[in-house]
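Next, two complexes with subunit A in common: one pairs it with subunit B, the other with subunit C.
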Partner chain A sequence: MDGDPRNVGFFEFLSTEERAEFAEVSELVAFTPGETLIEEGSEPSSLFVLTSGRVEVSKRIPRHGERILAEIDAANEKTVVGERGLLDSRGASATVRAKGEVEAIKIPREKFRAMISAGSPAAYKLATRITRILARRLTRLDEKVVETIRELEYRGETDLDVFRDKLVTEWTV
Partner chain B sequence: MGFFEDTNYFFGHAIDAMDVDDNIEALLVTPNRSVTVKIPLEMDDGTLRVFKGYRVQHNNARGPFKGGLRYAAEMDLDEAHSLASLMTWKTALAEIPYGGAKGGITVDVRELNRRELERLTRQFVNSIHEFIGPQTDIPAPDMNTNAQVMAWIMDQYSTLHGHTPAVVTGKPVDLYGAEGREAATGRGVVYVIEELLKDESRDIEETTFTIQGLGNVGSFAARFPDGLGAKIIGVSDVSGGVYDERGLPVREILEHTSSGGLLEGYAGSDAITNDELLTLPTDVLVPAAIGGVINESNMREVRASYVVEAANSPVTPKADEHLKKKGVIVVPDILANAGGVIVSYHEWVQNLQNFSWKEERANAELHDKITEAYRDVRKLAKSRNLDLRTAAFVLAIGRVGKATVLRGIR
Partner chain C sequence: MQGARLEGLPLFSNLSPEEQAEIEALLEPASFGAGEEIFEEGSPEKYLYVLTSGTVKVYKEIFPNQRQHLATIHAPTVVGELGLMNETKAAASVVAEEPVEALRISHEAFLEKLKSGSSTAHKVTYEIGRTLAERMAKTDESITKIVARLEDARSDRDFDVFRNKLMQEWGF
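And then the complex of A and B:
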């Protein structure tokens, strides 16, 4: 797979000149299986546009170890990871790990911030694209939250269970 | 408000205090089974009469159904239902392994002679024998039924199912009955009073008592405090009462009444009416006669610090509210008069084991059970700032509730 933004589908929304601008600042990176692209809690990350391979997104849950949130396959979707780090100044919210051999185009955070400061239309176009990705993820998250709440309401919360909990917690002599 | 509404009122009050969901309330209130049967009876004069019999089995989450059979003209399914649910809470509160039931026959017993009453009882057993049994539902005496009626029930059931004394309790002492059952309710009342006075740091010898009713419960309740050196200043029966602020000669009075005499004809002390009796300046008032005697019309005149409900529902809900506000401690009927059903349980246990206890053991077991129930109620009342009645219902509902959820819904 070509690591040049000029030839990567994700950057289709940019003009040839703008893609060349990103080609200047980006670098092709490769990860071996199990290697970490982004570490939860570390410095705000750079943006990775996945060009091949699969990654696993996971998050630490207090007292419950690590929970896998998603698996992303570059073959199925033109996708990015670390997009929040690019716009936000807080540390990474999840860990992204290579599931196999992974190749990606890395746009370092500081270089992207410099382009924004310089008023680069290409950088603003990318920011808009990332915003759209975030908006879609937020919508999916909302749906997931609603589904989880409903599941919790059904699971272990029958009338009888509520009554039993009341007797045991409130009304035991 | 009648007796049944009163019971439902107090139950509802506890359910509200617990903030229980409507569906759960329905689960606890609805009886498991109600049976209505036809009892045709040929009278001695050859006429045919048809009676209706009932058995309501309210709840058996904690054990076999248990409750009395009453023969009364006003008996019906609604009454049986209310009384059956009360038995569920009473057995749960006493922590004996039973549920609740009640039944009986709509009949004015004065219209029947002894032979007719026996045939009626046996016919009734023929109709309900499939629904009762020593591990299913165990009847007991109630209004207008006695040890003899229980003996007929045991005999009739045994002809159908083989020798089964444990199918019914309250039998004659000479036929698998328990020694001391007659006195049990009154004795239980006294045990509860002793605990109450301990809690209140009162010396029983310095405490004055007034007892309304010298029947099965009242006469025994009057006998025991007297033996403990208490001062009983007022007693009454249906005909009226007597009063002496220095203390009545209870033994003498009981001798007079137990030989069939009415208090009206007793000349030893000042005569008073039943209404006056309830408002005497006494420490402990024990209504041991009928329901509803302390009500809206006389609740403001009650001068007792403690009211111990030996009878069923002697204090109406309105009067209960008033006494509560005034700071009077009311020991509720489901706790105070539980001695009867506790000794019924002991009779059943002895029948199942083909064994009989000595009187000391019987009394000791009754003492343990009823004082433990009192302690539990008092503890809950204190920790949750509830009156004793609400605490008693909450405790009972909690026990039935736990058994219900542990068993699950089949």
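And then the complex of A and C:
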């Protein structure tokens, strides 16, 4: 088991010194099945790099309860959750729960903010990494939104016109 | 003139005067006449534009041969920052509504700076990241609403597949 940012793939873009900086502020955390890593809506999340186990990402849909969006396995490529919270001041947009025993490296949001305030190059580099992740995801989401609009049009769902317009307006440029 | 050009733009507001000068060195002036295209949907984006005066309109071809107006943006503002971080083709067209004065930074020059470890470049991307995080929160809200509405309207089973596709891309 290795919970040291110095030895975790996600941090490979940092120099040895910069990784040591994150080793100082990061915490090794463990969750039991059902425990919450990130709670939707409460506050901006901290960043978690999953080192073992599986988590479930879910979201509340108004009038329709909670929906599961994804399951993330630490054994797979995508092992970071909560990264948006480091750059955002809004509450988390989804809940992340442990599916089994989960271990992770946590970079607490407030520690990251303090590093940014102090002008830490390591923190800025991590921010750049997160920005790239967000840019990719936003582009994909925008494409999906356009597909949705086309699909609604194709189906002639005039009942959903208002939402189609809403989607167009919110569409990011 | 020097130093004042980036004033009032959140993207550069956390830079020291020295760092601002470093960015200024990358700036080239650019101007567009009314109706001229700054970005063309589907073409590569090569520059980030700092609009210093004028107004632009954003269009996207959502349905074939039908350009939909998405937004109107007034200077001072920045366009092309998503493309800078994503190195993708322009997802929408940006057209000058009236004469536009701008300063542009080539993606290539900026990314080169970033690669060389420039803390100034990293500070700028940090601000871009904050903007993107905010946009993503808004997109999330819109999608939540549309998903809820699709759930309300689930009159046929095909909708499930379609909704699921939308949700899969979502992540968070």
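The rule is short, and it goes like this: the second predicted complex is superposed on the first by the 142 of 173 C-alpha atoms of A that agree within 3 Å, B and C clash if a C-alpha of one lies under 4 Å from a C-alpha of the other, contacts with A are read in each partner's own complex, and residues count from 1 in each chain.
In this section, contacts are C-beta pairs under 8 Å (C-beta built on N, C-alpha and C of every residue); 3 or more make two chains touch, one makes a residue touch a chain.
Remember, it's a predicted structure, so these values are computed and weren't measured experimentally.
Peer 1: In this superposition, which partner touches a larger number of subunit A residues, subunit B or subunit C?
Peer 2: Result: the larger residue contact count on subunit A belongs to C.
Peer 1: Regarding the shared-chain residue A:Thr139, is it in contact with subunit B (first), subunit C (second), both, or neither?
Peer 2: A:Thr139 contacts subunit C only, not subunit B.
Peer 1: Using the superposition on chain A described above, determine whether A:Thr36 touches subunit B (first), subunit C (second), both, or neither.
Peer 2: neither
Peer 1: Is there a shared patch on subunit A that both subunit B and subunit C touch, and which residues make it up?
Peer 2: Shared contact residues on subunit A: 159-160, 163, 166-168, 170-173.
Peer 1: Help me check something: in the complex, which residues belonging to subunit C touch subunit A?
Peer 2: Answer in residue numbers: 58, 60, 62-63, 68, 70-71, 73, 79, 82, 85-86, 88, 91-92, 94, 114, 117, 119, 122-123, 125-126, 128-130, 132-153, 162, 165-172.
Peer 1: In the complex of these two chains, what residues of subunit B are touching subunit A?
Peer 2: 18-21, 23-24, 376, 379-380, 383, 394-395, 398, 401-402, 404-405, 408-409
Peer 1: Write out the stretch or stretches of subunit A touching subunit B in their complex.
Peer 2: Against subunit B, subunit A makes touches at 159-164, 166-168, 170-173.
Peer 1: What part of subunit A is in contact with subunit C in the complex they form?
Peer 2: Against subunit C, the touching part of subunit A is residues 57, 59, 61-64, 67, 69-70, 84, 87-88, 90, 92-94, 116, 119, 121, 124-125, 127-128, 130-132, 134-151, 153, 157, 159-160, 163, 166-173.
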